[in-house]
Each structure stands twice: as structure tokens, then as C-alpha cells.
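Read from first to last, the chains carry the letters A, B, C and D; within each, the first residue is number 1.
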Amino acid sequence: MNRRSRRKVLIIAIVFGVAVAAVLGLTAFEENLLYFYSPTQVKEGEAPQTHSFRVGGLVVDGSVKRAPDSLMVQFDVTDNTEVMTVEYTGILPDLFREGQGIVAMGNLQADGKFVAQEVLAKHDENYMPPEVAAALKASEQAAKAKSGKI
Amino acid sequence: MSAPLIKWFTVSALLIGLYGLYLGLFVAPTDYQQGESYRIIFIHVPAAWMSLFIYMVMAISSGIGIIWQIRLADMVAAASAPIGASFTFIALVTGALWGKPMWGAYWVWDARLTSELILLFLYFGYMALQSAIEDQRSADKASGLLAIVGVVNIPIIHYSVEWWNTLHQGATVAKFDKPSMHIDMLIPLLLMAVAFKLFYAAVVLVRTRNEALYRDRNRRWVRELIEKL
Amino acid sequence: MLEIQTLECVRDDRLLFSELSFSVAEAEVLQIEGPNGSGKTSLLRIICGLRLPEAGQVMWQGEPISSNREDYYANMVYIGHLPCIKADLTVLENVRSLLDTRSLTLSNVVIEAALAKVGLASYEDVPGKALSSGQRRRILLAFIELAQARLWILDEPLTALDVQGVALMESMILEHRQAGGSVVFTTHHGMQLDCDMRSVQLGSIKHQQQEN
Amino acid sequence: MLKAYYHLLIRDLRLALRNRHELANPLIFFVLVVTLFPLAVTPTPDALEAMAPGVIWVSALLAVLLSLDRLFKQDYDDGSLDQLMLSPNPLMILVLSKVTAHWLLTGLPLVIIAPLLGLFMSLPMEAVSVLIYSLLLGTPVLSLVGAIGVSLTVAVNRGGVLLSLIILPLYIPILIFGANAVDVASDGLPVTGQLLFLGAVLALAVSLAPLATSVALRITASR
């Protein structure tokens, strides 16, 4: 082989390798590499039964129950499809409130209750003043009501 | 040589930075979710942007230095490293301070945070290699190559939030169609970003100039410059 | 054949030489002279393409060597200060692995003949660690003899060689020149070469070229 | 080109086989470090299983890191590296050859011994097989990426710590995905995503690391 064709072979080999890497990489990201599981996944048994793992979702409105004599809290988490109950003892982060996204780390009990050792509040990428948020919510509800009528 | 530029960059960085801070801390409205604590965003986010931006500058100018043998490009890369490391450090610290009240933890091993930490290590590796090799030109080339190899980490950091379901929030501003941020908050944030960039430009110019003078300390033009003083 | 154009070399902030130009034609022997630290080794490594010059370039057959490496290296062989000998390989294996880097596969007979010529007959199966430093240098002589290169670049080739070894090196250079090959070398030992030879002076005297 | 690859590979393997005591060092280190962990913590099967993926992967990574020195150090010290760089063959082919030898001599033995250590650490069977796959995909990357680091630091005196500092950040993604694959497998969950990612990194490293290494070697030689 002369030096031109040799160089060509090398370049083709490198480009091919990078292409293979890209294809594999993109396929890999279609598989789920999760930081947390959703309640639906937990219900369908995709989450580990014997180990601790993370659950993520929104706190269901009106589901938070605090124990009167201890720091224990119980609340429901939803991904708008399934609901599961989470139990936690400790101080919750400031951002924790109903309707807010959270990520909890803990174990699944035999009765389907999730006992968390740690609860983290996930904030979203939206930043706006409270009045705007309220206005947005109101208009959303108005839209919902409208579509409900039709 | 570059003195007027440096002066201009410094002054405008200061003015825009102060104005941005004023807008951010006193004028911008409180957030509907996070209350007042979100205001750390005006430091945290520009610093994090800078940590990636400076690394890209370093890698690109190292590439130019290696391929076209331009010494100035190598010097820009070498001068940028400590600045980039500082911004990375600031982004990590402010992120931790923000994380405690918001998430409930200073540090979480999720993809975004971990890869930002790796970025800090990459900066350290660059600086260590740079100082370990005595011959200045090979030091530039060797650490430059390391910077280029480290670039594989940059897309991982940038997209980690989208690829993985992380605790860290998704992109706020980079959505071109409609940034998910109220305009009164967005303006100070962008002002701060511009101020940080100008600050970087000023510092990198000063550092590159010093580097050039130091490296050519035995050359005639530097000697003559010193004698004049 | 080989052309050195306005080279400048800086090492550890010290300017070793600049504006250095000369050329090496076919069947030419060129000695690089200069005191210790004048940049002889650096110059040879630049000519090999191992080291990058601060300015200037090295041309092989009218093309810069950096864009023409494969052709240049197929026609050039270099010996530096280091022996390149593996203690755990036999003499024969050492020569073979050196030739392998040049993609040369030669028969045992040819290699043994070359080893005999450099005074290592019957040493084929002795491991490198059992050799004296002079014998190790002789392996390198066998290597350049077999390398089928038109240009030899030799950095202090007489190191550790005895009187016969020096004579052998001298006769090898003359033979190589006779066959149309070129040599660029440095040495601090006296080398008596019975042929026309140019020299390039590095160091205190500013790169003047002398024709002897 | 293939011949040059093959000859250099044979030379390196032959050299290593004539130095068997050195050959075993990374392997011994690997086994020793892994066996230290159960001694340091309460070795209940549950605790061991939970930490096994991380412990085995970190130990394998450190064992490879320790052995990287022999990739180019000897050749640099005796001048053979100069001869390799003056070869008319493309330098990256020769680099690939040396990396292959290095992996066959360090990475592969680690992969072979790992299942045994996995059983010591009470990993379930499915996780052990994933451990083998992940190491099989991951250790070549460690050698390939390590080669870049070594070629940058081989001329630096006492470059050991420096080597770790510049190499470890590049190793971290492999560590995360390798250990995570085993971890997930021990929960009985699918690991295709992690293994595909490791495969992608391997393909990327095989195609680009030799190129980067040869550039790095030329930089190192140039002083």
C-alpha cells in the first residue's frame, strides 16, 4: 500500500469507529439510565424490590399528613398516572410543598409503602414572580374548565 | 499593547456587573417557588456558563497552538486555566449553598454536579501538567492536548440534565423560542453573564500579557521595555 | 537530498542556534561540530523530525519532512545516545525488533553475516543483559548496516567503542558513501575519514560553514 | 501495516513473558485490595453485595493505573521509543499494538479473575456475568486512555501522582457506568443501556486514543 491509500484507510477506520460510537451512544440513551423511578415504574415492578432506590414525582395536593408528636410525615407522590405513598421522618426542605416535584431515596415496604431516608425537593426551570404564577394557573384552570364544557 | 482594551473591558465589566447585581438583588421580583433564595442564580448560572465557556476557549486555542504553532494561542490557553478553575469552583460552591435550602442537601451525586466536579479536576490536571514540564513549549503542547482530550466531558456536562432524569433543573435560558423565565429576572441574569464574560476578557488579557513578558524575559524587546521603566 | 532551512532552536529559554541552513547531497559526509551544550543533539533530533524547531524547516527531496514522514523514514536511520537494546531479548531478537520498526524482514543468514561483520559472530542467542556496553553499540552498527537507508544520522556513534570498533565505524561510513549514501554525524572522538568531508560549526563561532 | 502491528505486539508479549514476576503485580494488587474491604467493614453478605460493584471496579481501575507505567517507560528510557517514532509505519498503529499488549497483560487477567472476587463479595450470578462484560468493555478503554496520559508524562520525573491527576477525570465516566451496570444487574434489572454506553466509549477510544497518543508521543520526544 502506498502512503496515500494507507492514510485513507486509517481515516476511514477512525471515522467508522466514531460512527459506531455515536450509534451505540444514541441507542444507550434511549434505554433508561435513570436517576430516579416514577411511581408508574414502581407499580409495574421495574424498580428494585430489595434495595434502596429513588422515587421522583409530584406531591399530591392535600395528601400531606404530619404526625402530631414526631417529625414523621406521610404524603402521596404521583406522576399523574399512578400514586404511591411515601413516609419520611425528618426535616423537609424549604421547597417541599403540595404540588411540588420531589425525589425521595428509600426502600419499598411489603405493603407498597415507600419509606424514605432522604427527601430532596426538585425545582423546575421556570422562574417568575408569584403574581405571574398565580395568573398563569388561573388562566390554565379557565382553559381547562372551558375544554371540559366542550 | 493591549492596555486600552483591558481598561475598557474592566470598566464595562464593573459597570454592567454592578448594574446587573442591583437589578438582580433589589429590582427583580421574588420567585413563585423559591422565594428570595433564587437570587443566587445571578452568580451561580453565569459562573457555570463561564466554567464551560473558558474550557472551550482553552481547548480551541490549544488546538490552534498545536496545529498552527501559534505561541499566542498557547499562552491564552495557559492564562485561562486558573480563571476557568475559579469559575468552576464558584459555580460548585454557590450551587451547594443554593442546594441546601432548595433541595435539602448541599451535595448530591447526580450527573450535572458530578460532571462539573470532573471539570474542576480537568482544570487542575491541565495546570499540574503545565507546571510539571520544564520546557515551556512542550508544556504548552502537552497540556493543550490534555485539554482537547478532556473536551469529551463538555457535552456530557451540558446535556446531562436532559439525558438523565436528574435532580438538577433543566435549561432555563437556552431555549430560544421562549426562555422559561420572567423578563425582569432574565435581564439581570443576562447582564451578569455579559459582565462575567467581560471580566474574563480583561483578566485573560492581563494574564496573557504577563505570560508573554515572562516567557520572553530574556529577549531583547522585553529587556528594552524594562530598561525604559 | 536533505535541506536544512533557517533553523532556530531554543532549549530551556536559551537560544542554541538560529538562521542555520545547510544541505546534504548524495554521497556526502557531514560532521556537526561544537562544544558541549551547543545543540548538536538537538539539531540531529530536529533533522530526524523528533524535535520541532522554533523556526525554519527540514526538507527531504524538496518536501517538508512533516508532510512526508513515511517516505523520509523509509530512507533514513538514526542512532542516538541511548542503546535501544532490550536486556531480555537475545542479540538476534534485538536486531530483528529494530528492523521490524522499519518493516524489514531479513533472513537469518543476512543478519548473522552483519553480526559477524560487527564482531558479534556466535553471539546471536546471548541475551542483551549479558553484553558489554561496547557490544551493545555494535548491535546498533549491525542495525544501520542492515537498515537499507540512504541517509545515516549518527549521534556520537563512537561512544563505548574500542579501537577496532572505531575503525569499523569509519570503514562502514566510507562504504556507505561509496554506495551513494549520505551521513550526518557528531563526535567528540577523533574520526579519521579518508574522504572529502564538510563540517557545520555550532556554538561560539556563529554557524559558519567550512569547506575542508 | 498489519505486519508492523503484529511484530510489535509479539515483541512486547515476549518481553513480558520473560519477566513473569512483574507480570503478576497488577493482578496481585487487584486481589489484595478487593480482599481488604471485607476485613475493614462488617462482612455481612448484604453489605458486601451492596459495595461489591464499586469496590471491584475501583480496584481494577487502580490496578490498571499502577501498571500504566510499563506501557512506554522502558522504551522511553532505552531509546526504543525514538526508533518507533522513526518508523515508516503510522505511529498510531504501533501505539495500538502496544496498548493491545498492555491490555492482554493487565486488563484481560483482571477480567478473568474478577468473577472469583465477585463471588467472594457475594454478588449474585447474574451480576457476576455483567461484571465480566463491563470489565471486558471497560478495561481496554482504561489502557487506551491511560496511554494518552503516560505518553504525556513519561518524561516527567516522578510523574506518578501527575499521571493519576490527569487520567482519573477521564476514567470517571467509565467507572460510573461500569460499576452502575453491575449494581443494577444485582437488582435483577436490565443493563443494556450501561453496556451500550461502555461499548460506545470503547469504540470512541479505539478510534481516537491512538491518534491522541501518537501526537502526545511526538510532543514528549520534542524536548
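One rule holds for everything that comes next: a contact is a pair of C-beta atoms (placed from the backbone, for glycine too) under 8 Å apart; a residue touches a chain by one contact, two chains touch by 3 or more.
Please read all numbers here as calculations on a predicted model, not as lab measurements.
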Chain closest to the assembly centre - both centres taken as Cα means: D
Pair sharing more residue contacts (C-beta pairs) when C-D is set against B-C: C-D
Intercentroid distance (Cα basis), subunit D paired with subunit C, Å: 37
Whole-Å separation of chain centres (CA-atom averages), subunit B against subunit C: 49
Inter-chain centre distance, subunit A versus subunit C - centres from mean C-alpha coordinates, in Å: 66
Chain centre separation in whole Å, for subunit D relative to subunit B (CA means): 32
Subunit C: positions in contact with at least two other chains: 11, 52, 70-71
Set of subunit B residues in contact with two or more other chains: 135, 137
Numbers and ranges of subunit D residues touching at least 2 other chains: 90, 204, 222-223
Interfacial residue positions of subunit C with respect to subunit B in the complex: 10-14, 52, 54
Sites on subunit A touched by subunit B in the complex: 29, 33-36, 56, 91-96, 100, 103, 118-134
Subunit B partner contacts - residues on subunit D that touch it in the complex: 145, 148, 152-153, 155-156, 159, 162, 165-166, 168-170, 172-173, 176, 204, 212, 215-216, 219-220, 222-223
Contact set on subunit D toward subunit A in their complex: 1, 50, 90, 92-93, 187-190, 192-194, 196-197, 199-204, 206-208, 211
Partner subunit D, residues of subunit C touching it in the complex: 11, 45, 48-52, 69-71, 73-74, 76-78, 80-86, 88-89, 93, 97-98, 100-103, 105
